[in-house]
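I've put the structures underneath this note.
Shared between the two complexes below is chain A, which pairs with chain B and chain C, respectively.
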Partner chain A sequence: MQTSHNGHEAPGPPATQDELTQELIHDARETGPRMRRALWILAAIATLGVVAALLMMLGGLDDHTRWKYYAVGYFYVFSLVMGIPMAGIGLRFARAQWRRPTSRAAELFALAGPVMLVFFIPIMAAHPGLEGRNSLWMDWRLAPWFPDLLMLTTFVGIGLIFLYVSVLPDLAAIRDHGSGRSRGIAASLAYGWVGTAQQWAMHKSGLGILGAMYIAAYATTHMVFATDYAMVLTPGWKDPIFPAFHAVTGLQMGLGLFIVVQFALRKWGGLARYFELEQFWAYGRLLLALTLFWFYFFWSGFILFWYGRLPHEQQVLALLAFGDPAVENLLARPQLWMFVGAIGLSFITAFLLIMWNPVRRSILGPAVVGVIIVIGNFFDRLRIYVNTWSIEQVGGHELHHIPTNIGYPGILEILVFAGMLSGVALMILLASRVVPFVSLWETREALLLRVVRPFGVGHAHIVAKPD
Partner chain B sequence: MANQSVLGLYENADSAAEGARNLREVGFTSDDYEVMTGNPYPEGAFGEHVKKNKLFRFSLFGAFIGFITAFLFVFATQTAFPLVTGGKPILAIPASMIIMYEFTLLVAMIFTVIGVIFESRLPRPGGAGPLYDARITLGYIGLLVTVDESRIGNAQQALQSGGAEEVINEPA
Partner chain C sequence: MRDRPVLTASQINDELLWPVFELRRRHVLAFLPPFILVMAGAVAVTILIWQGLWVTGLNRPAFWGFFIVNFVFWIGVSHAGTMISSILRLTQAEWKRPITRAAEVMTVFALVTSLIHPVIHAGRPWRIVYWLLPYDFTRGVWPDVRSPLVWDPVAITTYLTGSILFVFTALIPDFAIIRDQSTGMRRTIYGALAMGWRGTPRQWQLQGIFGILMSALILPVFVSVHSIVSWDFAASVVPAWHVTVYAPYFVIGAVHSGVSMVLTLMAFMRWIFKLENFIWEDHFDAVGRLLIFIATAWLFFFFLDFAFSFYTREEQEIAVMERRLLEWPFNAITIIMVMTSYVIPIPLWLNRKVRRNIALMFWTSILVNIGMWLERFFLIIPAIERKQELTFLWANYVPSLTESVIVLASFGMVAMLLIIFAKLVPLVPAWEQKEGQVFRSEVQIGEVTVPAIVRESEEPRAW
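So, the complex of A and B:
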């Protein structure tokens, strides 16, 4: 690495074509005993999670308040992982050249979709229904189950197909140069791809169209989930900004986790060459913008309720932020502490750190802020879902009692939560045994479009824009 | 006369462009050859003919089918259970928008995939085929010429003189 006078780490020399083949096709595909053990452990925890979810279903679906911590876990993991592919899709649309080595790792999170689909079934079944409640669905008897399942299936399907189209050229490369079982799998999935100009043109268009669909499905899925699984359960909560807040905070926490994943791949995955300062710096800037959006969307919804001061609005604020005003001891208001944790970590702490250039312009800084945001948004989803799923009241124009029956998660809920996270990690690690974490074709294309030239006393990277 | 193919392999884009130029100079047209690469190049970089992109037609057709299906579904369910809600019409468009949007997106996605597969001429039942070289996914560029067998000798010569590292003939 070269270091210039202002302390910036200059990017290392780009990999050669041979190095790319060695590192991304051969080295990264090796499944050593540690990886094998990790895969078995993740598979065991994911299985336990599914069993725990089944046991919860056998325990009864009549009382939705029993499912409050399941709802917290589900909508937290959903928000955390399903927005990550947007980092690949959105930045490809923006033609950001620096994102090339990172896009694949982001797109692989589309594999979280099937896990989310499996764990969605119990929470969907536990939904108390819309009878007597205000909803989007105008008393439609199939709602919210049918449209929500359809939306999630569409969203997951688009993500998986997008990923498949994206990896198709790399599957052909692994078919041609890989070894062992991954070569066989790649050969059967590559579908005879040979890389004609026509195929590349379709590939580019397909990624564009499917990417646009993913963005559209992301926003709508968040909208129906935020509405049907939080607002609908809360009498008097009518807030058009909340679904947008739900979607934007999903992007913030997704990007936070993605930066942490990149840090791990750099540190322990042998991919330091591909996840460099340039990527962390650029993602740090996006994280700053999304952190400001967290507050903007929160504030836009909050200020209307706070100034409005109508009884039903004050009850919603008590439910989601301040706790029951009748309880004088602030320590005894769980809602208040969840809110403090959410805004304190997701916005205040994260913003106070990521606003500084030296923090953004480092590899560790954005990763640390990413961890803080991931934790902070857990409190956010906790305050939203544990409170709304604790409400027993059906109908009415305002919430009569702020729930006090919040309690703690039981062993089954903890197992389900761990199972969801393990299931997501398992899917991604299993896929990484076949396709690399770094897109081979995109990195090769970048090599053709990028040259390092002497510039002043250092070097500059010159990037061509082909079309 | 039957068509035959020959593949010229080039180490880099400059020599492949030279090979393509040679082909055109001896009378082959851009329809006679196709380029195979391991990563995308700008369209027409080797003078090859790139067909007009029709993928969006698949997506639009799928979206149309999805929208119509959703409309009929919503119409059927709402007339089967005619509940007047809030004084709104039985077939209220705003209330049906989300479900119509979901169906539209779902079917558009399915048709887009079909379009990508169909327009890419996939799957190839025999895998990559006999006239394919694994070096293409290592950064080499292949020029695959398919012409009638009387002209195949000319094609081989043009590819070779254009700087091909190897010229591979179709197995007999």
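So, the complex of A and C:
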């Protein structure tokens, strides 16, 4: 390996079709003792999380303020993981060639859906209902429980079907070239895929339609969650940009986590050949754009409340950003510190780092910014959900009292949070025992579409555009 | 797929520069209709200034009418240039090459046209200066810098300055081409405009760096301009205007109308200037795909605005929505707007054959622009016609003939300026076409030859 001017190791010669098959079907499928141990530990924590959630439900559903940290944990993990498949879907729509080695890793996060569905049931049950409150559901008696559950189930279902369609050609390849247990599973899932022209055409259409459906489901699920599980609980809060902010911040933190995952796969997963500088650089640019969007969507809502000076909007600003103005000691305003943490890390620090090309154009830079964004957005979900779920009187048109006693999470809430994260990691690692983290069919296609030729005094990359 | 023509540098010059050196009948014929519209508009403006604002349909409390609607619409259209040039340049979309200049120039002309509207709307245009300069030093009356009405001119003039710089820099290599092919006074003028361009590696490098820098710098301006225009409305307490989603909703609507207008312009350029070798079906296909995404994002924000107007069930807000949805003529406007902005064009654009049919793309782009103009009307007018906390009256706004003529003239003005511009400089950048020819390539995959492009790269890339 050579070292290039920016300090990262330059890639080796391009992989051949045979090397891809060898690396992605055989080498990466081996489950060693460390992996087995990790899977067992994750399964144990995820089970503990489910048990903790059940214990919380047994403790009572009448007082919704008890569930505030559960809500923070749930909506943070939901936002963090459910947007990651969009990195694969969106870039496929944009026909970005560089995304090819990374799309599968992104799409595997659709497997987080069932975990999110399981942990949604307690928070749904703890919702205080919409009677006498503002609502998008026009006094529908089954709302928000039934439509929200239906929405999430649809979203999760679309994600799983999308993932299945995406991995189908790889399952067939594993069936034909693999060995061991993964081969058996792949054979039973691959049906009659043999790669005929008609199958490929249907595969392409299917990915397009399901991808569009996933994007629509992502936007609508964020819309109803942000409204029903935060805005509705706050008297006087009417903020149509908030659902869009919720969705965009979900994308930003999701991409942040995804870059960190790529960094880990590169460093410890033996996939350095696929997660290259090119990918980190390009994702760094996307992260910059999403970081700017974070601020834009925040500011679009904030400036109207701040400028409008309407009393009920000032109360919402106090709840979500500045804390109770009656409390003179700024250190005693928890809302202020959550807000500073959110905007300081998710936007200011992240932007000041990722705006520089040398930071984006490195392996470590985007990964570090990704970590900062993941932490910053935790503060953001904390400020949104812990404050809104702390309000006792959720009816009326104006918030009269800013909650100051927001407390700390108990052991059960911490276990639930850890359980959700472990459940997601477990699902993805289990799936990776069957299908590779790098899409075989997409990378093989990339090899066909890309050629290196002499150009002027150097070499140029020729990228074929078949469509 | 249509075979992509291979052209030599001199063929590109011949096919693109003819409008500069010749005056053909079709150029004159294209110029006449917008010129007549502009003349009619000039007469209408003269009548308005001479007679006063009573010749308009403005009244209390509907102080804002067609002029403000049209102002917002043209600001929106101006977003096309930045969208096409800046974002597509940063994303290295190869298909942008033939349409960048037309889009950028349309940005400038749309901005100029939009800026005229508040001046006309003032009735006594000279008084517009009081918004920006001290009214009376001795009385200490100053413009309120906290007012969005002051933010507007600042944002728009910044955008206009940036857009002119953007256009001018990209024009320099073409000025040099015209200079080298001209004699006499034309050579002198284009020589001065080319500023000593010889096409040295350093000049190309600087030009490239400037293009990237401007693309990145103008993006925040691009977003802020229409956001600030939206805050003209949203920062007030008028029901149905005081909505947090207005800024992104206005921006995405602007991009929707602007990119559709580029589509209209592409078809016109192909027909009037015979640019079939440069603007292909592929380009319409690519813009069509982009528009599907933009229109769907627009629909999402439209839905947010719509759904949340019923969220708090406030009487005044419901009244505005009832007016928008149930009362004539707004109910018809709402239906036409939704149909023409989304329901009709999107299912059509989802079909690849339609996206590659230039006539259909042209007419659907016209539909979108009708819809987006009506959307501005839908958003602005019904909200101020009814009694609210700060007004004591209600009245209907009925636009007058004078206003309607001025609105039509604004379309004529943008078209006329574009046609005049096309007489002076090629609407398709010759240097970008030549660069595109250098970067084009082909890759053999099995028995099929697939079109390909060369990607510049300083480092070896694995993928």
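The definition used in the following text is that the second predicted complex is superposed on the first by the 449 of 467 C-alpha atoms of A that agree within 3 Å, B and C clash if a C-alpha of one lies under 4 Å from a C-alpha of the other, contacts with A are read in each partner's own complex, and residues count from 1 in each chain.
Going forward, a contact is a pair of C-beta atoms (placed from the backbone, for glycine too) under 8 Å apart; a residue touches a chain by one contact, two chains touch by 3 or more.
Keep in mind that what you see is a predicted model, and the values were worked out from it rather than measured.
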Contacts of A:66 with chain B and chain C, given as first, second, both or neither: neither
Partner chain(s) touched by A:276 [first = chain B, second = chain C, both, neither]: second
Partner chain(s) touched by A:310 [first = chain B, second = chain C, both, neither]: second
Touched partner set for A:461, first chain B, second chain C, both or neither: second
Which of chain B and chain C A:401 touches, first, second, both or neither: neither
First, second, both or neither for A:267, with chain B first and chain C second: neither
Which superposed partner A:448 touches (first chain B, second chain C, both, neither): both
Which of chain B and chain C A:169 touches, first, second, both or neither: first
First, second, both or neither for A:241, with chain B first and chain C second: second
Contacts on chain A seen with chain B and repeated with chain C across the two complexes: 136, 138, 448, 466
List of chain A residues in touch with chain C within their complex: 4, 10-12, 14-15, 93-94, 97-98, 100-101, 134-136, 138, 219, 223, 227, 238-244, 273-274, 276-279, 285, 292, 296-297, 300-301, 303-305, 307-308, 310, 397, 443, 446, 448-453, 455, 459-466
Chain A partner contacts - residues on chain B that touch it in the complex: 13, 34-43, 46, 48, 50-51, 53, 55-56, 59, 77-78, 81, 83, 85-86, 88, 92, 95, 98-99, 101-103, 105-106, 108-109, 112-113, 115-117, 119-129, 132, 134, 136-139, 144
Residue ranges of chain C in contact with chain A within the complex: 90-91, 94, 220, 223, 227, 231, 234-235, 237, 242-248, 293, 300-301, 304-305, 307-308, 310-313, 441-443, 445, 450-457, 459-463
Complex contact set, residues of chain A against chain B: 17-18, 21, 136-142, 147, 150-151, 153-154, 157-158, 161, 165, 169, 172-173, 175-177, 187, 190-206, 209-210, 213, 216-217, 220, 224, 441-442, 444-445, 448, 466-467
